[in-house]
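Structure incoming, see below.
As written, the chains take the letters A, B, C and D, and residue 1 is the first residue of each chain.
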Amino acid sequence: MGKLIVGIVGTSSASKHVIQVAEKLGRLIVDNGYRIISGGLTGVMEAVSRGGQKSENHTNGDIIGILPGLLKTDANKYVDIIIPTGFGYARNLIIVNTADVVIAVAGGSGTLSEIAFAWQFQKPIIALDFEPSQSLVEKIKLLSHSDFKKSKGWSSIIGGLCLDETRTDTIFSAENPEECISIIKTIFRNGLK
Amino acid sequence: MGKLIVGIVGTSSASKHVIQVAEKLGRLIVDNGYRIISGGLTGVMEAVSRGGQKSENHTNGDIIGILPGLLKTDANKYVDIIIPTGFGYARNLIIVNTADVVIAVAGGSGTLSEIAFAWQFQKPIIALDFEPSQSLVEKIKLLSHSDFKKSKGWSSIIGGLCLDETRTDTIFSAENPEECISIIKTIFRNGLK
Amino acid sequence: MGKLIVGIVGTSSASKHVIQVAEKLGRLIVDNGYRIISGGLTGVMEAVSRGGQKSENHTNGDIIGILPGLLKTDANKYVDIIIPTGFGYARNLIIVNTADVVIAVAGGSGTLSEIAFAWQFQKPIIALDFEPSQSLVEKIKLLSHSDFKKSKGWSSIIGGLCLDETRTDTIFSAENPEECISIIKTIFRNGLK
Amino acid sequence: MGKLIVGIVGTSSASKHVIQVAEKLGRLIVDNGYRIISGGLTGVMEAVSRGGQKSENHTNGDIIGILPGLLKTDANKYVDIIIPTGFGYARNLIIVNTADVVIAVAGGSGTLSEIAFAWQFQKPIIALDFEPSQSLVEKIKLLSHSDFKKSKGWSSIIGGLCLDETRTDTIFSAENPEECISIIKTIFRNGLK
C-alpha cells in the first residue's frame, strides 16, 4: 500500500518567511507518514524537500521531484527520487495529478496554473494564506502591476474560492503548516480514496 | 512568412450569447488575415472555428485544432488542421505557446490554467469581458460555490490584472470581438515580433 | 475537409544525396495536394519543407513543423505553421499521430523511435530504401559500431519488416519519392479513412 | 543520496517464461539496493514489480510506475509510487530518462521505441536475449508478419547492435537476470555518474 502523497506548488523565488513556513510544512508532512511531490527545483520546492529530510520519520523515497528538464542535476539536493521529464511546464500536470492533495505556498502564474489543474483533476486544494487578516477585496486590489510586489502570492488570495461550477467544494484556506496537516487528516480520515 | 496566429481559450459548454460572440470573433480573425488555434473541441472552440470558416478570406489551413486525445474524429467539423496530441490537458500549453496572442472567452478552471500559461510564456492576453458594467469586487464575490453560475467566467474577471511580477503589463480587457481585433492590431502594428 | 497529411521523419544531419531526395519528396507531396508535417528543424526536415515551398501547388499552411522546444525561431524558414511544443522528443509522437501516413528518410535512433510509434498508432509507414540492391542481412551487419557510418540509416533497413504481432501489414519499402507518392495513392485511393 | 534506478521496458502481454524471468529480475534488482521504474501496468511491468516486492531488501518507495493515463487504479498492485501522467505513450520517455540503466525484456514496437529513446538519452541499455543460440540473421528473418509470433521480441534481437553513430558503445546482451545485475555492477562500479 502506497503512502499518501502531498503535492506542493509554489514559487522558486520566495521570501525568507515563506521559505521557513515551507520547510516546516515539509517536515510535518513526513512526520505524518506522507510523501512529498514537488517540482524539485529551488525556493518553496527546495525548502519543503529539506524539511522532509529533517523529519525523524524520513525514509529514502519519501521526497519526489518532477523536473521540467532532462538533467537530474537540476534537482535540489533534498529530493530522494528525481524524475526528469523534459516536458517543460507540462510537468506541472504530473505533479498535481500524482498528488492526493495539493498545497499552494505563495506563488505566481505558475502556481496559479497548477491550482487550476488541481481543480480540474478533482484534487483537494489547500492554500496557505500568509495574510489572513486582509480581506479578499484588498488582496485583489494588489493584483495590479504597481502593487503586485506587496502581494503575498496566489495562495493568499485563492482560499475559499471555487474556480468553476464543476465542483461543489471550495479551495481550503490554512494559516500555517499545522492547519494544513489538520485539513489533510480530516479529508483522508477514512483512508486514501 | 507565416500568418499571425490567434489562440482562443474558452469553455466547451458556453451560453448562446457567448457562442454568438465567439463565432463573430472567429470570422473577424480570419477576415483580418490571421490564423485561429484552439483546443478543437466543442463550445467556444467550435464557434470560433465555424466563424473562421464563414469568412470570405478563409483559406484551408487557417483553422488549427490541438486535441487532447488521439482521435481526429474528436475535432469539431470546422477545423482545417487537426493535431491530435494524446497529451490530455497538457495540450493547452501547445495552444498557448503556438499563439502569438491569446484571447480568453468566458471559461472555467481550464481556461484559467491557459491564461496562466500564456502569462508565463510572455504572450499578450486579451480577456473578453461579458459584464463590463460590474466591478471587480462584485465579480470576485461570485466566485463562491452558490453564486458561480451567475458568473460570466474568468474572461470577465481577469482583464486589467497582472498575474505576477514577471511581467510589467496587464491582461487586456475587451468588450466585444471588434475591440479584440483593434487591440491585436495595436500590439502587432510593427509586424510579428 | 482537411487535406491528407504526410509525416516525414528523418535525420537532422543528412548527406547531400539524402537532402536532394527529401527535397524532391517534399515537392511531390505538395504537388499532389497533401500537407507535410515534420519536426521543423534542419536536415531532412528542412529539405522536405523547402521542396514543398517550391511546388506550384503550394498554399500557405501546407507545411507544418512541430518543434521540440519553445522558440519559433528554431524552425527552418520553409515551415508555414510553426508549433513549438516545449515537450522535447515527445513531440515526435505528435508528428506521427497527426500524419495520415509516415515516410522515413534515412535516420538514426530518433527516426527509429518515430517509426516504432507510427507502428503503435496504426499509421501506414513507408521507408525510403537508399540501398535497395543490398540484402537485409548485409544491412544488419552494418549495425555494429565500426560500420554504422557505412549504413544508409534505418529507412534502408526497416522496409518489408513488421515490428510486432499487433498489425497484419508490413512497412512499405520505396526506392524513390515517386514510388512513395504511388504507394500513398494506393493506400488512400478511397479517400481519407 | 538517491538509489540507482533501473528502468524496465517490456510487453504487457508476455509468455509464462518471460514473466518468470522478469519476476526474478525484479527481485534481484531490489536485493542489490536499486529502485525499479516501469510503465506500471501488466505483463513484464507487473512481474518485475512483484519480484521487487518479494525481495527481503524491499523498502516502500523502491518500485515506481509511470502510467500513461490519469487513473492510479490502472497500476498493478505491486507499485509503491504510482505516477499517472495522462501523456499516453509519451510517458515512455519519462521512464527511460529517469532510469540510470534500461533493461529490455522481450517486447514489441512499444519496447522498441523505448530502446530507441534510451539510446538518444545516452542511457546504458541491456537487452535480455531469450534465444542466445540463434543467430541475428535467423532472428531478423522472423520479423515478417507470418513468423513474428515465433520471435522472442526485440530484446532478443537488438543486443550487440548500435542504433546510430551518436554513441560509441553497443547495446549489452544478457542471457539471464543474474547477468543483467553483473553488467549493472560493472557499469556503475565507480558509483552513479
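What we mean here is this: contacts are C-beta pairs under 8 Å (C-beta built on N, C-alpha and C of every residue); 3 or more make two chains touch, one makes a residue touch a chain.
Bear in mind that the values here come from a model prediction, so they are computed numbers and not experimental data.
A.B. asks: Taking all residue numbers used at the chain C/chain D interface, answer same if over half belong to both copies and different if under half do.
C.D. replies: Looking at both copies, the contact residues mostly coincide.
A.B. asks: More C-beta contacts across A-B or across B-C?
C.D. replies: Spelling it out, more C-beta pairs touch across A-B than across the other pair.
A.B. asks: CA centre of chain B versus CA centre of chain C: separation in Å?
C.D. replies: The answer is 33 Å.
A.B. asks: Based only on mean CA positions, could you tell me how far chain A sits from chain B in angstrom?
C.D. replies: Averaging C-alpha atoms per chain gives centres 28 Å apart.
A.B. asks: Residues of chain A touching 2+ other chains?
C.D. replies: Answer for chain A, listing residues that touch two or more other chains: 70, 86-90, 93.
A.B. asks: Which residues of chain D touch chain A once you look at their complex with the stated criterion?
C.D. replies: 2-3, 5, 35, 59-62, 64, 66, 70, 79-87, 90, 93-94, 97-98, 121
A.B. asks: Inside the complex, what are the residues of chain A that reach chain B?
C.D. replies: Spelled out, the residues of chain A in touch with chain B are 87-90, 93, 108-110, 112-113, 116-117, 119-120, 136-137, 140, 143-145, 148-149, 153, 160-166, 168-170.
A.B. asks: Of all residues in chain D, which touch chain B in the complex?
C.D. replies: 70, 86-90
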